[in-house]
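These are the structures in question, set out in turn.
One chain, chain A, links the two complexes that follow: it is found with chain B in the first and with chain C in the second.
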Partner chain A sequence: MNLRRTTIIAALLVLALYGGLIISLGWFLKLSTLHGMLTSVRTLFSIQLSLIAATVAAFLAILLAVPAAYALSRYRFRGREVVDTILEFPIIVSPAALGAILLIFFNNPLGEWIQAHGVRFVFTFAGVVLAQFITILGVAVRLLKTSFDEVPLELETVARSLGATPRRAFFTVTLPLARRGLLAAFILAWAKALGEFGATIMVAGTMAMRTETLPIAIFMRLAGADIEGTVALILVLVATGLGALSLSRWLLGKVAHA
Partner chain B sequence: MHSAIIKILIGAFALGGCLSGAPARSAESLLIFAGAASKPPTEEAAKLYEQKTGVKVDLVFGGSGSVLAQMKLAKQGDIYFPGSSDYMEKAKRAGDVFADSEKTIVYLISAINVAKGNPLGIRTLRDLTRPGLHVAIGNPETVCVGAYAVEIIEKEFTAAEKAAFQRNLINYTESCEKTATAISLKMADAVIGWSVFEHWDPARIETVRLPATQVRRIGYIPIAVSKFTKNNASARRFIDFLAGPEGRKIFARHNYFATVEEAKAWLGAAKPVGGEYTVPPEWIKK
Partner chain C sequence: MLEVESLSASAGAFRLRNIDLMVAEGECHAVLGPSGSGKSTLLNAVLGILPPQHGRIRLDGADITHEPIECRGLGYLPQQIGLFPHLTVRDNVTYSARARGLPVAKFKPLMDKLIEATGIGALLPRLPHTLSGGERQRVALVRALTSQPRLVLLDEPFTSLNQSLRRELWWLMRDLQQQQRLTVLLVTHDLTEAYFLANRISVLMDGCIQQAGDKVTVYRQPATRNVAHFLGVNNLWDGIVTGHESGRLTIECPTLGFATSLPAGNKPLLPQTRVVVGILAEHVVLRDAEHPPKSNERLLTGSIRLLDFGPRWLIQFHHAASDLVLELHMNRRTAEHFGLTDKQSDITVGLPDSDLFWMPAD
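Our next item is the complex of A and B:
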């Protein structure tokens, strides 16, 4: 078997695995339930909430991740290794534990002060965004650091030798060259935020029309032993997520290749 | 090369099987799908039963509805032990349990739960309508303690009081345990939960009793044999053990009401036990 065929089979196997799981949902699918879900105000709210929260969280994460990743890629500074190690912290501790850690933080004096004088996160939309942001930040920095690592330092040096300031070299040379990695990091962070459940439910609760994201709505259906409803909502999440990702890949791909 | 890959895959699957948490099923074992709310006493009772009889008791804990769905999808399990009666009614209607095997293990009474020391001086149900208070309840759609709370609010409050309460209602919790945790972690100033919550976290939770007139029903936790059991007799023996003196003693030590008489004595009045309450749609958006 040649390399081409082997690798293509592997790629198709990935599709078969995930596609097969999605198709298997049909076993419990009731079209009337799916129709009811798609026309319910509650589901539409959950879709809207999930899309907005994931987008805000991903933007905020990228906003912080870009400078942080650049520093990790280009500079040697005290604490660099610690920062680099802690990026995997949200993955290691699991989303539910991350949510518990956030709740415990809001029990500390600083957390209490923030909630009392700043923004109330517990049981609110801000809590949904915070839980997602904390979950995806580490992975966004990791991906961006890899992208910056791949941009040759020499190109920045040449720009500097031609009179560009470090800031100008970053914005006109490094960032444009890392744009594919930037887009990939945003898309992955967004997708992870959209499907985030453990930390979100811990921090933001389950109230419909307030903080019920699609993953939480799925959990609540399952918690109510409503398997048909669970299946219908999973399909809504899959369609929403994959549809939005395809659209953004198409749009952003145009930008990346521009 | 190919055989090496196949060997690795076989090895990985074998290792996965060895390491997986799937309980080994045998004639001397029972698989119980249980609501997480009664985890500590259930684990204690299961351990004692194992010591006494040699029958291995495997426990799968989770939300009452989640474990019911798990039991149905896995098509296995010997006993269903939800955290509340409404899920047992659901299981009985769907034919997922043998209705004749159902027994009540403990009783529960609705109460207000606040932070230890009651720093905000919440003494009555109407105090929960005070402006600026943050109140939470279990999600009445899936968490029975939340449905009990809604019933009390609907029957006790005037329209204006209900509106004031709903303004204070910051969110729903996803489970019975999380309703108690909302107080432990100061997520809310007060919840309408069970009186037993203060014993789950005595250092942080305090129960404020509701007068007997405001408590509409006494909650209870039932248990029954799953229709997927392959060992009906053994499952029934475990239920008899749990409902018997030794099982009741364990639940009483964890401060549950082991008999309806104890619950009535604490409340100071006789009330209907269990039953279902239909939560008004305004509490559950569709």
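Our next item is the complex of A and C:
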């Protein structure tokens, strides 16, 4: 078997694995359950909560990731290697452990003080956002660093030789040239936040109509042995996620040709 | 005017040492050197992206050693051209005005003049990726000059182009430099580019300037064996000073088999000092019945090997009476006139005394 055929079969196998799993949901799918689920207030709340929380978390992550990634890409500073390594922390540590770390933090004096005098995170919407934010921040920085690495430093030097300050060179040359990576990083961070479960359940719990995101709702249904309901919610999550990714591909295509 | 005084700077393990350089106003000065000689390190220090460890850089009398790049008043043309790919040609050209927060109209008269001189008017609405290599160079040139820089830095900007396009851009660059009286610092490894564009040349090797001066002197009188080799001079032989009288040195050259008297210059040398004697390949002349030798020529007889370079021939002369090998350059027409063939023997060459030069032995 030649290389071309072998590799294409491998690629199609990937599709078959994921596609097969999604299609297999059809065995337990009842259209009446799906319709009921889609129109229930609790499900609509979960969808709304998931979309808003993921968007806010992804936005905040990008806001911090842009300057951090730029520094990692352009400057040599003390602690750079450590920062670069810690980006993998959320991947090495399971999301559940990450959530547990957050929960434990809010039980120490500093965490308690923040909860008392600042924002309450445990079992709240803010906790959902924080859990998602912590989970996606590392990957957002990593993706953006790669994007900044791809913008030649020489272009910034030319911009500065033409009179631009470093900040102006960043906003008029580097950032526009990294826009494709910026958009990709936002969308992937958003998609990851949308499906986040482990850290969210640890920090925000499973409170219906308060902190019940779609993944948590799926967990709750399954825990209650409601297979049809679980399938319906999974399909909602899959549709939302795939829809977002398709939109991102379309947008990335537009940005690439802009 | 650019003045670099005792500049030292490091880039990784490489160190640029004690560089002195002066580029007069309206002059094009080429820093010529092989790869890894420190040209880019020097350029980066002048540009302001590499802080020097020692020394001063002055531009028009003002100390800019620690000034940020954007305050130096430079025009920079990098090797990779550096057009902003997301901006149209018009936006690239006007970037400087916008970056400085100045009205584009202020630069318009000069910009229009440069656009006309370089012929890029029709390209203004286009994006850089739709331009040819030569068009991109022109746009980058206009962009660098529009801001009326006090110093233009050229980092081998034409090396990626084909020969004819390069020559076309050299002419353009030379015309612009002379018309606008631009002060230009060019770094390049290309001798032809340096000689075409520059008034003065500094030869940089191993992080040190080995020789600086007007381009004719540097070419005709290389200061060291390394400089000579870099400039393509291979006709070099060891010699020894045997006398010094009336401003002239008598140098015995065993390989050539004769002694010659050459101007001592301002370098006092004691007898028995070891030196190197040389002659440029194009100064070695062929002699036959139709072209008899002149009185000041040393004649050698031997055989030749030919290497056809297209418009020019490289001739390797092997002296019959010794193991001396000489190189001659000759244009095709002259070589054909002599009816030369490869491996031809009984060829006589002349070495005019006036074209021999000497340098201290390393």
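Here is the rule we use: the second predicted complex is superposed on the first by the 233 of 258 C-alpha atoms of A that agree within 3 Å, B and C clash if a C-alpha of one lies under 4 Å from a C-alpha of the other, contacts with A are read in each partner's own complex, and residues count from 1 in each chain.
Operating definition for what follows: contacts are C-beta pairs under 8 Å (C-beta built on N, C-alpha and C of every residue); 3 or more make two chains touch, one makes a residue touch a chain.
Small disclaimer: the values here were computed from a predicted structure and weren't measured.
Peer 1: Overlaying the two complexes on chain A, which is it for chain B and chain C: clash or fit?
Peer 2: They fit: once the shared chain is superposed, the two partners occupy separate space.
Peer 1: What is the contact status of A:T211 with respect to chain B (first) and chain C (second): first, second, both, or neither?
Peer 2: It touches chain B, and chain C stays clear.
Peer 1: Looking at chain A, does chain C or chain B touch more of its residues?
Peer 2: B
Peer 1: Just checking: does A:V122 make contact with chain B only, chain C only, both, or neither of them? Give me first, second, both or neither.
Peer 2: first
Peer 1: Quick one: classify A:R42 as touching chain B (first), chain C (second), both or neither.
Peer 2: After superposition on chain A, A:R42 lies in contact with chain B alone.
Peer 1: Name the contact category of A:L162: first (chain B only), second (chain C only), both, or neither.
Peer 2: second
Peer 1: Put simply, what angle do chain B and chain C open at chain A, by C-alpha centres, to the nearest 10°?
Peer 2: If I round to tens, I get 150 degrees.
Peer 1: Could you tell me if A:A225 is touching chain B, chain C, both of them or neither one (first, second, both, neither)?
Peer 2: first
Peer 1: If we overlay the two complexes on their shared chain A, which of chain B and chain C does A:I201 touch? Say first, second, both or neither.
Peer 2: The answer is first: A:I201 touches chain B but not chain C.
Peer 1: When the two structures are overlaid on chain A, which partner does A:I104 contact: first (chain B), second (chain C), both, or neither?
Peer 2: first
Peer 1: I want to verify one number: the closest Cα approach of chain B to chain C after the superposition, in Å.
Peer 2: Value for chain B versus chain C, nearest C-alpha atoms: 40 Å.
Peer 1: In the complex of these two chains, what residues of chain C are touching chain A?
Peer 2: For this pair, the touching residues of chain C are 47-49, 68-70, 72, 74-76, 78, 80, 82, 84-86, 95-96, 98-100, 143-144, 147, 153.
Peer 1: Which residues of chain B touch chain A in their complex?
Peer 2: 63-66, 68-69, 72-73, 87, 90-91, 134, 136, 139, 141-143, 170-175, 185-188, 284-286
Peer 1: In their shared complex, at which residues does chain A touch chain C?
Peer 2: So the residues of chain A touching chain C come out as 152, 154-155, 157-165, 168-169, 172-173, 176-177.
Peer 1: Over in the complex, which chain A residues touch chain B? Could you list them?
Peer 2: On the chain A side, the touching residues are 40-42, 45, 103-104, 106-107, 112, 122-124, 201, 204-211, 216, 219-220, 222-227, 230.
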